[in-house]
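Take a look at the structure below.
Chains here go by letter, A, B, C, D and E, matching the order in which they are written, and residues are numbered from 1 within each.
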Amino acid sequence: MATITFKQAQRWYPGADKPAVPGIDLEIHDGEFMVLVGPSGCGKSTTLRMLAGLEEVNSGQIFIGDKDVTKLPPKDRDIAMVFQNYALYPHMTVADNMGFALKMAKMKPEERKKRVEEAARILNLTEYLERKPKALSGGQRQRVAMGRAIVRNPQVFCMDEPLSNLDAKMRVQTRTDIAKLQADLGVTTVYVTHDQVEAMTMGDRVAVMKDGYLQQVDTPLNLYDRPVNLFVAGFIGSPQMNLMGATAKDGRAVIGDYAVPVDETAAKKMSGDVVVGVRPEAWRQVGPEEGGLPVTVTVVEELGSDAFVYGTSGVEGTPNSIIVRVSGRDSVHKGDTIYVTTDPRSVHVFDADSGERLSD
Amino acid sequence: MATITFKQAQRWYPGADKPAVPGIDLEIHDGEFMVLVGPSGCGKSTTLRMLAGLEEVNSGQIFIGDKDVTKLPPKDRDIAMVFQNYALYPHMTVADNMGFALKMAKMKPEERKKRVEEAARILNLTEYLERKPKALSGGQRQRVAMGRAIVRNPQVFCMDEPLSNLDAKMRVQTRTDIAKLQADLGVTTVYVTHDQVEAMTMGDRVAVMKDGYLQQVDTPLNLYDRPVNLFVAGFIGSPQMNLMGATAKDGRAVIGDYAVPVDETAAKKMSGDVVVGVRPEAWRQVGPEEGGLPVTVTVVEELGSDAFVYGTSGVEGTPNSIIVRVSGRDSVHKGDTIYVTTDPRSVHVFDADSGERLSD
Amino acid sequence: MSTPEKFLNLLFAVLLFFGVMGAILLLTQRFRSRAGERIQVAAFVLPSLLMVAVGLLYPAITTIVQSFKNRSLTEFVGFDNYQAIFTDPAQLQVLRNTAIWVIVTPVLATAIGLVYAVLIDRARFEKFAKTLLFLPMAISLVGASIIWKFVYDYKATEQDQLGILNAILKSFGVETYRFLLTEPWNTLFLIVIFIWVQAGFAMTLLSASIKAIPDDMIEAAKLDGASALKMFRFITIPSIRPALIVVLTTISIATLKVFDIVRTSTGGNFGTSVLANEFYTQSFRAFQQGLGAALGTLIFVLVLPIVVYNIRQMRKLESR
Amino acid sequence: MTTSTPTIAPAQIEPPTGPPKSAAAAAHGGLTSRIGSAVALVIAVLWTIPTFGLLVSSFRPEGEVKTNGWWNAFTNPSFTFDNYKSVITGSDVDLATYFVNSFVITIPSVLIPISLATLAAYAFAWMDFKGRHLLFVAVFALQIVPIQVTMIPLLKLYVNPPFGLPQLAGANAVGGGFWTVWLSHSIFALPLAIYLMHNFMREIPGELIESARVDGAGHVQIFTRIMLPLLTPAIAAFGIFQFLWVWNDLLVALVFAGGNLDVSPLTVRLAALAGQRGEDWHLLSAGAFVSLVVPLIVFLAGQRYFVRGLLAGSVKG
Amino acid sequence: GCGGGGGDDASAGGTSPGEGKAECEGLTSFGDLSGKSVSVYTSIIAPEDKAQKESYKLFEDCTGASIKYEGSSEFEAQLNVRVQGGNAPDIAYIPQPGLLKTLVQDTGQVVEAPSGVGENVDKFWGEDWKAYGTVDDKFYAAPLGANVKSFVWYSPKMFKENGWKVPTTWDDMMTLSEDMAAKGIKPWCAGIESGDATGWVTTDWLEDAMLREVGPDVYDQWVNHEIPFDDPQVESALQLVGSILKDDKMVNGGIGDVKSIATTAFQEAGLPILKGECGLHRQASFYAAQWPEGTKVTEDGDVFAFYLPTTSEEFGQPVLGGGEFVAAFADRPEVQAFQTYLSTDTWANEKAKATPGGGWVSANKGLDIANLKSPIDKLSAETFQDPDAVFRFDGSDQMPGAVGADSFWKQMTAWITGQDDATTLGNIEKSWPSS
C-alpha cells in the first residue's frame, strides 16, 4: 500500500524571496504512474525532493500510505530516486553504484550481482559495469542513475527527468521497460519529464505545475482535449496550440473576418473578449472561397513524416505565428497563402481575463 | 571564414581498450549548422571536445578555416561551448557566469552587461541573474550553460545537448532563437542532440555516428528519406521505422503472404534475404480484402494529435511489434486487426547482410 | 627600528612581492604559442623551485655529504658514522622508537581528527567544538611543555600531586605511576602529546574536505538506505580519501621531524629518544657533526616509503 | 501570443508562512546521534582538560603553582592577576613591541608562501609540462628536511650572498633582519603548502577548467578567477596553520633575525619568561595564553571560509 | 679601589666622553667610542639579564659605546650556528670551557683576548681560572660571573627546632642524615629533570664526590681524559654518590623514591624543605632564586646553604663551581674595550651593586664582598676567596660536548633509574670522542 498524499506541503528555500512550492495538494494512488510536468523552475524537482525527504517541508504534511512521513529521514522512506543531476558516487564502479542500495539492505552478493546485471542489461550498460562514472558519456551516466533506482524494489519511485540525455531509440526502449517494470512491480511512481510523448504515453495521470501551483491533474487525453485553463492549453502539446484573441459575437468567436465555430457550451458561456485555441493538427485546409482563416506561410518545418507550417494571418488578435500541421509533403511552400478552418469540437475557448476554460 | 575540417582525427582515452573516436573525417562549411546524432556513447561529446581542444587528438588533424588547430590551446580557438554537464562556475552568479568569456575578452562592462541581459532575456533567466548555480533548477542551470555560449560572438559554436532539460515550450522557443541567432551571426555550429525534432528542424546537415564512425552526413530530409543503411534507418525517426525481414521474389519483397511493393531500383538490385523498412506514417490502412499486412493491435498510444498503434502481424520475419501511425482518434482499439499497406515510394530496402540500402 | 618603520617595511615587502608576482604573471600571460606556455610554467613554478632548491635541497645535500665526514667535518670517514649508528644498541632503540612514533601518531591523530570532524559536522556548536580541538595547535611549545608537566608529573602516592593523571590514580586508591619513566610505555605517553597537538590539524583539514562532499551524493546515499555508520564507511571515507592521504602523509613527516616534545619532556632519556632528537643532540649539543648529519640523512631515508606511497596514490587517482 | 495566464491559486491555500530563518539541518541528520555526541564530547573534554589546567595555573600564585595541582584551585581558591601583570609589564622592552614584531614577521611569512605555493601547485596540477610529476614529488619530499639542517648553510648564504647581492643577515642587513626571517619562513612552508594546495586543486572538477579555457581564459585568469575562489577553504586552512606556525616559531627568529633584538617576536620574549633556569612556570602559563590570543582569533576568523558545498551546482554527473 | 683599567692597546683614541667624570676614571683610556656598538650574546636571560645590562651603564656612559645585549635560552646551539653561519656576535659569555675549546678549535673564529684582559685576569683571578679560558696555550676568555656548586641547602628553622647542627665533615653529614631518617624524614631531596639537559645535576654530584674522594689532581686528569672515565677511582666516587642518591632511606624526601629523582625537575627538587618533608638538598648557589617569593634566605631564616663537607682533610676544601667566560669574535677597539672592562674589578663591583636582589657573585678577587647584598652571595664569595679553598670548574662543562652535554647526562640519568655503576661509567667512556 503506497498511496502518496501531499497536504499543503510547502518548501521555501532559505534566502529565497518566495516559496519554491507554496503548498501542494496532491493524491497519488497506489501503484499509479504520476507524471509531473511544468516549465523549468516550476518546482517539480522540489516536490520530488520533499517526497523523498531531501528537502525540509516548511509547512503541511506528506503521507505515504497512512503514515505521516513529513519528518521521517530519507532512508526510512523506502524511496528510490533518479536524480536530475545523477548524483553518482564517483569513487565506485558502475556496478557498485547500482548495487549500493542493495548492499545497504544487506542483500546477498550473488543476488545483488544478479539484480545489477539484469538492470545493466535493460539499460545497455553491461560492458561498462567496471568503469567509474568519470569515464562514461553523459547518457551512460544517466542510465547508471536510472539503474540505481530500478535495481531496488521500493515503495515509491521518484524519477527526475531520467531519460533526458538518451537518444530517441534508447529512450523509447527504456520508457517501455520502465512502464513494464512499474506495472509488474506495481510501485507507485512519480515521474518528472519534459518530453511530451513520455508524459502522454507513460502517465496514468499527469500533473501540470506552474510556479509551484498545480494547474490540472488529469489523464493525458483529458489534459490534451480539455485543458482547464490557458496555461495548460499552451503547455501541453507540441508545437503548442494556436491561441488567438477573439470577440464573442452571437455565439461565435470572431477573429477579424473569420468567425471560429465553437461548441454550444462555450457559445452560451462566453462574452466579451475570449481566447480561442486550436491545435495545429485540428486545422483543416480549405479553399480560399470557403471562408477559412488566411495564413501566409513563412516557414515550413519538414519532419519527414509530416510538416508544420508556420505562418501569419495578418488578422488582428492572432499571434505572430500560426502553426498548422499538414500531412504529406511539399504541398505547401514558403510564401503561399493557405486557408484553414476547423470544427467546433476542436475549438477550445477560454476567458481572456481569468484564463478559465469556457468550452465543454 | 570558419569551415571546420576533421582529418582522421582520433581520440583514444588513456586506459580504454579501444578508441572512443577511431578516426573521423568530416567537413563543415562556413556558417553551417551541423547536427551530430547517434546513440549514447557513440563519441559525439568526444568529437566536440576534440574540436574545442579539450581532448588531445591522438592522431589526425583538425582545421578551423585554413588553420591547423590540432595543437592549439582551447582559449586560442575562439569557440563557445555548451557542456553536456553544464560546468558552471559555482562561485559566480548567473550574470558572472555568462559574462565570464566577455570579461576574458576584455569587453567593456556596459557592453558586457547589455549582452548578458539580452541573452538572459532570450533564455528567460532575467530574474535569476543574481543567483548562484546552486540555487537553480536543472533546466535553469542548463539555460545558464547555454547563455554562456550565446553571449559570445565566436568562430564556432559547440553545443552538447543544450536543451535536454528544458520543457517542450521553452525548447521550441529556444531552438528557434538559436537557429535565428546562428543564421544572423553566420557562426559555424556543431550541435549534439537526441531530439529528433531538433535534429530535423535545426540542422543544415545531420551527421549520424555510431561507435565513433560516421554513418551518413546529409540534409535532414535526405536522411529521413534515404537512409544509407539499416542503422541510420532505424536511428532516424521516432517511433522508428518498421524493419522487416523479407525475401526477394520477382522484384517484390515477400513477407509471409504479403508482398511489399518496392521501387524499381531496389527491385533490380535485390536478391535473397533483404530487410524492408516502412515508416509508421507510411502505412495506409486498407480494407481486409485489399491484401494488406494484417496487424493485431496490442497497444494504442494516444498522443492527442494522433496515435501510434503497436501490433503484431503474426507473419514470420516481421518484428515483434509493428508500429502504425493512425491519424484521428478512437478509430482503432486494442484487439482489433487492421490491414495496412504502403506505396513503393515509401519502402526502403536494405541488404540483410551488409545493411546497405538497395532502394533508390 | 620604530614601529611605523617596521610596518612600512612590511607594507613595502608585501607590495613588492605582489607587484613583482603580478608583473610576471601579467607579462607571461601575453605570450601565446608553445614557448609562451613554457614561459608561463616557468613563471608559476620557478620562484618556488628556486627557493626550495636553495633553502632545502642544497642544505639537504650538504647534510648527506657531511654524513660521511668526521666529528668536525674535516675529513671523510666513509660509512663510519652509519656503522656507529647501526652498531650502537642505544641508537638502534632510537630507530625503533622512531618507527613506533611514525606508525602510531599519524594513524591515531588522523583517526581522532576524522571521527571528531565527522561527529561535529553540521552540529550546532560546530565552531566552538572545533576550536577546542584546535587549541593545542595554537599553543606554543613552551606552553605545551608545562601543560603536559601538569598531566604527567609524578610524586609518590602519599605526596601532594602536581600531575592530574596521578591525582586521579591516587583518588582511586591506585599507586601513582611514572608516566615518563616506565619503559616502554613512556614513548606512548609522549606520543599522546603529539597526537594531542596534531589531531587539530587533521580535524581542520578533514573537516574542510568533508564540507566539500557534494550534498547530492549524500542525499543519494540516504535514499539508498545508508545508515550513519555506513555513510561514513562507504561515502565519507572514499570521498575524502585524497585529503586523508594528505593528512596522514603530513603528520607522518611532521612526526619524523618531531624532537622538541621528547627534548623538553625527557631529554631523550629513559629510552624515549627519537631520530630527530638524536640528530639535534649530536649536531648541536655534542658537536658530533658527522654523526648528526648521518642521523639527519636517516630521517630523509625514512621518508621514502611515504613518498612512494604518495606517488602510487597519485597514479591511482589520475586514472580514476 | 496571449498566453498571459493568471496563476490559479487554489482558494484554500493558507498565506505563506514566511521564509525560513536559516538553513535547516533537519534533512541532514548526519552522525549526530546520541552516541556520536557522547564520543565527540569525550574527545573535546580530553583535549581541553590539559589546556584548562594551564589556564587555571596562569591565575594562581607562584607558590601554589609549584606545590600543588591546579585542580586544588577549586577547593581553596586563590587567584591572582600577578602572572599576567608581570608578563605584560615585566621587561625592559615593551610587550607591544614584541607583538608588533610578531605581526610584522608573520604577515608576509604567510602571504608569500601561500601565493607562491598556490601558483606552483596550479602548475603541477593543471599545466602540462615535462617532468612535472617528478618535480612535484621532489618538492613534496623536501618537506622532510628539518629546519636545523638548513640553518648554517642558509645563514652563510644570507651573510655572504653570492652575485654581489646585498647582505641579508648580520649587522648590516637590509630591512633590519626581517627579510631573512620572511624568506626563511617562506622557504620552509613551501613544500607542505604546494603539496596541500596541489591535492586540493586536483579535487576541482576538470570540466570547470575546461569551460574556462573555452571561454578564452589563460592560465593566469583560470588561476585567479576560478581556482583561487574555489580554493578558499584550502587556502584558509593552510593560512591558519602557517600563521600559527610562524607565530609560535622560535628557532627561525633566533637564527635568521641574527641577534637583532629589534625584530624579535613574541616567542623570544616567551622563552625568556621561562627564567634563567626554566623555573617560572607561573609566568610561562600566563605568557602562553597571552600569545595564544592572536592565533585563536585568526582561527575563529578563518572558520567562516570553511564553507560547505562550494562546488554545488557546478557539474552534473 | 680601582686598579687595572685597560692596556693602551685597547684604546680607540680620541677624547672619551667620560673624560673628567669621577666615576669614569679608569675607563677614559678606552678613548672615544661614541656611535660604536658591541653585540653581546649570552645564556643569561630574564630576570637576571636586567642586572647585567645595568652593569654596562658605566661603560656606555664613559665611552659612548652602546652594548646590544641578547640573552637566549637556546644559547649553546645557537651560538654554534651563528658562528658557523658567519654571523657571530661580537662577544659571547660561554658557560662551558669545553664549548669554548670546541669553538676555538672547530671554527677558528674566536679571537684572542687583548693583553689588558690577560693582565686583569692575572691580577684578579687564580691561575686555575685563567686556565679555563685558555685553549692550546692561548688565552681567549676571561671569567665573568661564577657560582658555587658545592652547597647543601637546608632549613635553619628546622635545624633549630630539632637541635641539629650544620655538619662540617662528610661523616657528620651522614650521621645527621640517619638522624633525620630515624625521625621519619627522608633526609635528602633531589631532582635532575631539566628538559633536554636532564641529568646535569647528577654530574655535579659526581664531580663533588670526585674532588672529595680522589682529589683535584685526579679530577683534572679525569676531566682531561688522562685517566679513563671508568677508572676505579671514579667508580669509588660514584659509589659515594650512590650511598645517598640511590639509597631509598636517604631519598627522595617529600617526592617519592629513588627513581622519582629522574623525573623531578631540579627547580622543584628542594622545595620540600619548606614543608619540612626533606632536610638536605645539594644544589648550587643559584638555587636561591628558586625559593618562592617571601622565603627568607638567611642563616637564621627559612632556608640557607652550607658548604658540602669533605670526606677527608687530604685535599683541603675543594669547591666545585661554574661560571661564564667572555669570548670575543671580533677585535674592533670597542669590542676589546668592553672585553677589558668586563675583566676589571670595577665591573665586578658595578655588577654587584646592580644586583640588589642577590644571585650573582664573581671569583674576582677585587670584588668587595660588602657590595653583595644577599647573605647567600656573600657566602659564595667568601667560599671563593677562602684561602683554603681549592677551586675546580664543573667537569662536565669542560669535557667535549659528546660527553659533557650528552652521554654524561644521559648515563647518569640512567644510573638513577637503575643502571649499575660500571655500565654507566663504561658507556660514558665509550662515548668519548676519538678525535
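By definition in this document, a residue touches a chain if its C-beta (ideal position, glycine included) is under 8 Å from a C-beta of that chain, and two chains touch if they have at least 3 such contacts.
Here is each chain with its UniProt name: A, B = Carbohydrate ABC transporter ATP-binding protein, CUT1 family; C = Carbohydrate ABC transporter membrane protein 1, CUT1 family; D = Carbohydrate ABC transporter membrane protein 2, CUT1 family.
Bear in mind the structure is a predicted one, so any value in this text is a computation, not a measurement.
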Where subunit A and subunit E overlap in contact partners, by chain label: C, D
Chain whose mean Cα position lies farthest from subunit A: E
A-D or A-C, whichever has more C-beta pairs in contact: A-D
Centrality ranking, top chain (CA atoms only): D
Between subunit C and subunit A, distance of the C-alpha-averaged centres to the nearest whole Å: 57
Gap in Å, rounded to a whole number, between the CA centres of subunit D and subunit C: 14
Computed distance of Cα centres, subunit D from subunit B, in Å: 54
Junction residues of subunit A - those touching two or more other chains: 15-16, 53-54, 73-74, 84-85, 88, 138, 234
For subunit D, residues contacting two or more additional chains: 29, 67, 152, 154, 218, 221, 250, 271, 273-274, 309-312, 316-317
For subunit C, residues that touch 2 or more chains besides their own: 37, 149, 214, 216, 280, 284
Of subunit A, residues touching subunit D in the complex: 8, 10, 12, 14-19, 22-23, 25, 53-56, 58-59, 71, 73-74, 84-86, 88, 133, 138, 141, 210-211, 213-215, 229-231, 234, 243-245, 275, 319-320, 352-356
Residues of subunit A that touch subunit B when the two form their complex: 13, 15-16, 37-41, 44-46, 84-85, 135-140, 142-143, 160-161, 164-172, 194-197, 200-201, 220-221, 224-225, 234-240, 279-281, 301-306, 325, 327
List of subunit D residues in touch with subunit B within their complex: 205, 207-208, 210-218, 221, 225-226, 229-230, 309-317
Residues of subunit B defined as touching subunit D within the complex: 49, 52-54, 73-75, 77-81, 83, 85-91, 100-101, 104-105, 132-136, 138, 141, 148, 152
In the complex with subunit C, residue positions of subunit E that touch it: 76-77, 80-81, 102, 105-106, 193-199, 252, 254-257, 259-260, 262-265, 277, 400-403, 405-407, 409-410, 413-414, 417, 433, 435
